[in-house]
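Consider the two complexes below, in which chain A is the common component and chain B and chain C are the respective partners.
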Partner chain A sequence: MIDAGRMYGLLVWTWVRAAAQYPVSMVLLALATAVVTGLDAAAIVLLFSQAPRIAGFGSSEVLFLYGTSALSFGISDILFGTTERLGYHVRQGTLDAMLVRPVSPLIQIATEEFSPRRFGKLVPAAAALAFALARVEVAWTPGRVAMIPVMVLSGAAIFGALWVLTAAVQFVIVDIHGASKSLTYGGGFLTQYPMTMFARDFVRGVTFVVPLAFVNWQPALYVLDRPDPLGLPGAARFASPLVAAALCGAAALAWRAGLRHYRSTGS
Partner chain B sequence: MIEAENVVKSFTVRSRSGLLRRTRTPLVAVDGVSFTVAKGEFVGYLGPNGAGKSTTIKMLTGILTASSGTLRVCGLDPSRRRTTLARRIGVVFGQRTTLWWDLPLRDSLTLVRRLYRVEAAAHRERFAELTALLELGPFLDTPVRQLSLGQRMRGDLAAALLHDPELLVLDEPTIGLDVVSKATVRDFLERINAERGTTILLTTHDLGDIERLCRRVLIIDHGRLAYDGALDELRRTVDADRLLVVELERPGPPITLDGIQAERVEGPRQWLRLPRSANAATVVAELTRVHQVRDISLREAGIEDVLAALYRGDRAYRRPGRPVAP
Partner chain C sequence: MGVLPWVWWYGLRRHAAYPLGSATEALTNTVFGFMRAYVLIALWQVRPSLGGYDATDAVTFCFITQALIGPVQIFGGMDLAERIRNGDIAIDLHRPAGLQGWWLADDLGRAAGSLLLRAGPPLLAGALVFPFRAPAPENVAAFAVALLLAVTVSFALRYLVAMGMFWLRDDRGLNAVTLVMSLFFSGMILPLVVFPGTLGTVARTLPWAAMIQVPADVFLGRYDGVELVGALAFQAAWAALLLGTGALATRAARRKLVVHGG
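Presenting the complex of A and B:
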């Protein structure tokens, strides 16, 4: 685990240095990202701060929900977002090159082309959260304050697990669509590509939208001191870290199963 | 170094046979291959496209798991101990780089050191040695994607050898290279095999590689081992035809002579294939008697013809005891 973290850090550092080889382009891209994400953040804050009460939640409370979940998603995207390229690596055969290195291919894919620019994705979420925290009416207790980082990190872990799960699913999807690299020599697959895209987007939609409620809805109810409209037991409000741990375990198993599948089929 | 016993790899190929229906066809890519490679050997692994070469390489390096049979590389089961094995072998795919596309070559090599946990002092020495041997100096600071194919291949070789592996597995390392780059790569491989005792397994379609480098060849065809032995012996055992190139004074109809017929005619030039049984001297004498001949040359079968004969399914040369495909 520590070793995995070290390798992750090492690869990230290498990619960042590679990006720094082109300082002008890096600065320009960073500026572009800052402008785009800044506009995003402004739009979101504007939209929510003008909105009337939604389902009994005030605008700053809705913004709090948005900010925490978006921040969780942003962090997971920074750490694992590129794992969705797995299908591409399988088709290109570049996964094989990763498999002959003494480092987990998951780490290699996750760190691929890591650029400091990725942090730009956090700007709108962080801005929205900061804005919400400044305005939301909450009787702050140590528990509620501590819950905010816990819910953001648990959420990031849940989303991270989902990234890995969707990647693991691609091992199978690519195979179902007959992209047997070692057998078809790459031919005849292009026509099936849209199907894979469709399947991937479908899988993404389902996997990211459904657990969203669990990521921050329950802990947010605790922070905002709201009763649960669904009437789940109070313990559910503190279950996020457990859900995160369980999902991470499931993702690790799925990844291993996917990799085993790949190595037995070579697709 | 490598012990393969009755290794089988079969796949299931799914293909569309209707709107929703798919058919599953089992396909045996490697069908019971057995061989051993001793430390320090330089072995060529040959076979036509689709014969099972790449699949074998992938099983040896732990990328694919064998369906059955036992496989040991450096004493390890490659599929179970892939990561451990990765530290002890070097792998180069000619068709794709294992380097980081956007990184300068120098950074790629530094990263390789960290990934393989090579000590700094050992790395410095090895880096200097490889840089000199492969003449990497001029493009060390160029991103890999800007390198020419020959430069990239040399970079890939350096990356695969920085951790001083016991076994080097090369999958078509000279594909697409120009003559000079090919020569550099071949010289280099010959040298590390001779000087460092690195065991090398090489797959290639370039028979120049084989003639130049490999004392022993393994030939796989339809997933089965068709030949395992010395290159010279292969040449002797295969009954390859000789080719007689005749240049006549003026263009004429295809020559026919004692059952031998010109198989190709280009203006005054004609190509005649002589079976082993034919006496070249008699044929030449007959030719010059009947035709106005300006020039004649006789070509011995090269390794290419030998392999072509082999791949065509002329199986008479198979060694006894080898499984013979139906």
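Presenting the complex of A and C:
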């Protein structure tokens, strides 16, 4: 595990040094990434310029959801986002080259073309979260304060597991990438908004089937002290770390199974 | 028959060659359509006639934008940029056909392929699950024209970005800027009718409005008679202006390019 972390860091550093050969490009692209990520926040601000409350939530509460969601998604995207290219490597045959190197192919794909520009994703997320935390009306207790980092990290782990899970599916169905974006990027979009906006069955789906509700919605109900529209027991609000651990376990199993299933293309 | 119809046909064939890949993209477009539709419905419950739309208009608009992502290629990019980077552009410039016309034909082919494979599922799913405003028969014809103009405007903008490669040698910076503009000012993220005051007025005069907002309004039947002609003329004017700029850029690029070797 420590060895894997060290290897990940080493490969990241190699790619960062490569990207730093074009410093102006690197800075501009980081800025551009920040602006593109910030467009979702701009959409929320525009929505609330037309109505003070939407689906029972005010602008600072939705920006709180946006901030936690985008921060979790950004962290997971920085760490594992490039695993979505697995299908491409299978098709090109470059996965075979990765398999003969003495480093886990998961680490090799996850660090591929790692660029500091990706940190641009965290800027609007962190700014929106700071803004929302200053504005949102919450009776702060130690538990609520502690919940913020816990939910961001659990959310990042859930999204990270989704990146790896959907990548593992590409071992079986090479062309599935287009559809798996609805789980990864779609999940990143969905969790920016309160679940009270969505139809009840839809919310059940993203609670029990793909546990996106545990990224930030359930913990946010605790922080904002809101009733759960699905009426789940109070313990669900603290379940995010457990859900994240379970999903990471499932992702690890799926990745191993997929890798064993892989039989190259032959000749 | 000239060469351009063939370029169009092969563009269509190439971009319709992977139906499974297109189907998975269409699935993601549909999922995003659902999520965005719920958000818009929540807003329209508070403001039932915002910007002259009712909730049905807003939901229909949302699924039209998802259906148009592929054909209008809202996320930008064109194969031409890579050919300029790696020098294959020299071959393109040798052809006895104009560079911009060639790539316009290719891009219209791409759009047609994408329309066939990717536009149906989001519209169908939206119409089945949500209240949906199906266009009147005369609007379908107008929408076809609006869509053709939308793709042309989109092409002209992306062509100019690719031309930038001749001077900047890297299209990523320009791509990033135009991506922000096209996502935000086309109506892709939110319908432009939601934009307040001056921002809304400005947004509706920019070329990106011609890519999503105007064709969607034509689909919804929001223009009659003279207004419809005005809307299509707005698109056509931007298309002509941008294609004209593209032609000038192509001429400048021909003088800029030096082909080595022999």
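Heads up, the rule we're going with is that the second predicted complex is superposed on the first by the 200 of 267 C-alpha atoms of A that agree within 3 Å, B and C clash if a C-alpha of one lies under 4 Å from a C-alpha of the other, contacts with A are read in each partner's own complex, and residues count from 1 in each chain.
In this text, a residue touches a chain if its C-beta (ideal position, glycine included) is under 8 Å from a C-beta of that chain, and two chains touch if they have at least 3 such contacts.
Note that this is a predicted model, so its numbers are computed, not measured.
> Where does A:35 make contact in the superposed view: on chain B (first), on chain C (second), on both, or on neither?
Only chain C is touched by A:35; chain B is not.
> Please work out whether A:96 is in contact with chain B alone, chain C alone, both, or neither, and reply first, second, both or neither.
first
> Can A:113 be said to touch chain B (first), chain C (second), both, or neither?
So A:113 only meets chain B here.
> On the A-aligned overlay, A:263 touches which partner chain: chain B = first, chain C = second, or both, or neither?
Touch status of A:263: first partner only.
> Contacts for A:225 in the overlay, against chain B (first) and chain C (second): which applies, first, second, both or neither?
neither
> Which holds for A:47: it touches chain B only (first), chain C only (second), both, or neither?
In the superposition, A:47 touches chain C alone.
> Per the definitions at the top, what is the overlap between the chain A residues touching chain B and those touching chain C?
The answer is residues 175-176, 178, 180, 182 of chain A.
> For the complex, which residues does chain C have touching chain A?
18, 20-28, 31-32, 34-35, 38-39, 41-43, 45-47, 50, 170, 172-173, 176-177, 179-180, 183-184, 189-190, 194-196
> For the complex, which residues does chain A have touching chain B?
That would be residues 7, 10-11, 14-15, 17-19, 21, 92-94, 96-97, 99-104, 113, 175-176, 178, 180, 182-183, 260, 263-266 of chain A.
> What part of chain A is in contact with chain C in the complex they form?
25, 28-29, 32-33, 35-36, 39-40, 42-43, 46-47, 49-51, 53-55, 175-182, 185-186, 189-190, 193, 196-199, 202
> Quick one: in the complex, what on chain B touches chain A?
Per the stated touch rule, the residues are 11-16, 27, 29, 54-55, 58, 61-65, 67, 79, 82-84, 86-87, 89, 91, 93, 95-98, 100, 102-104, 107, 111, 114-116, 143.
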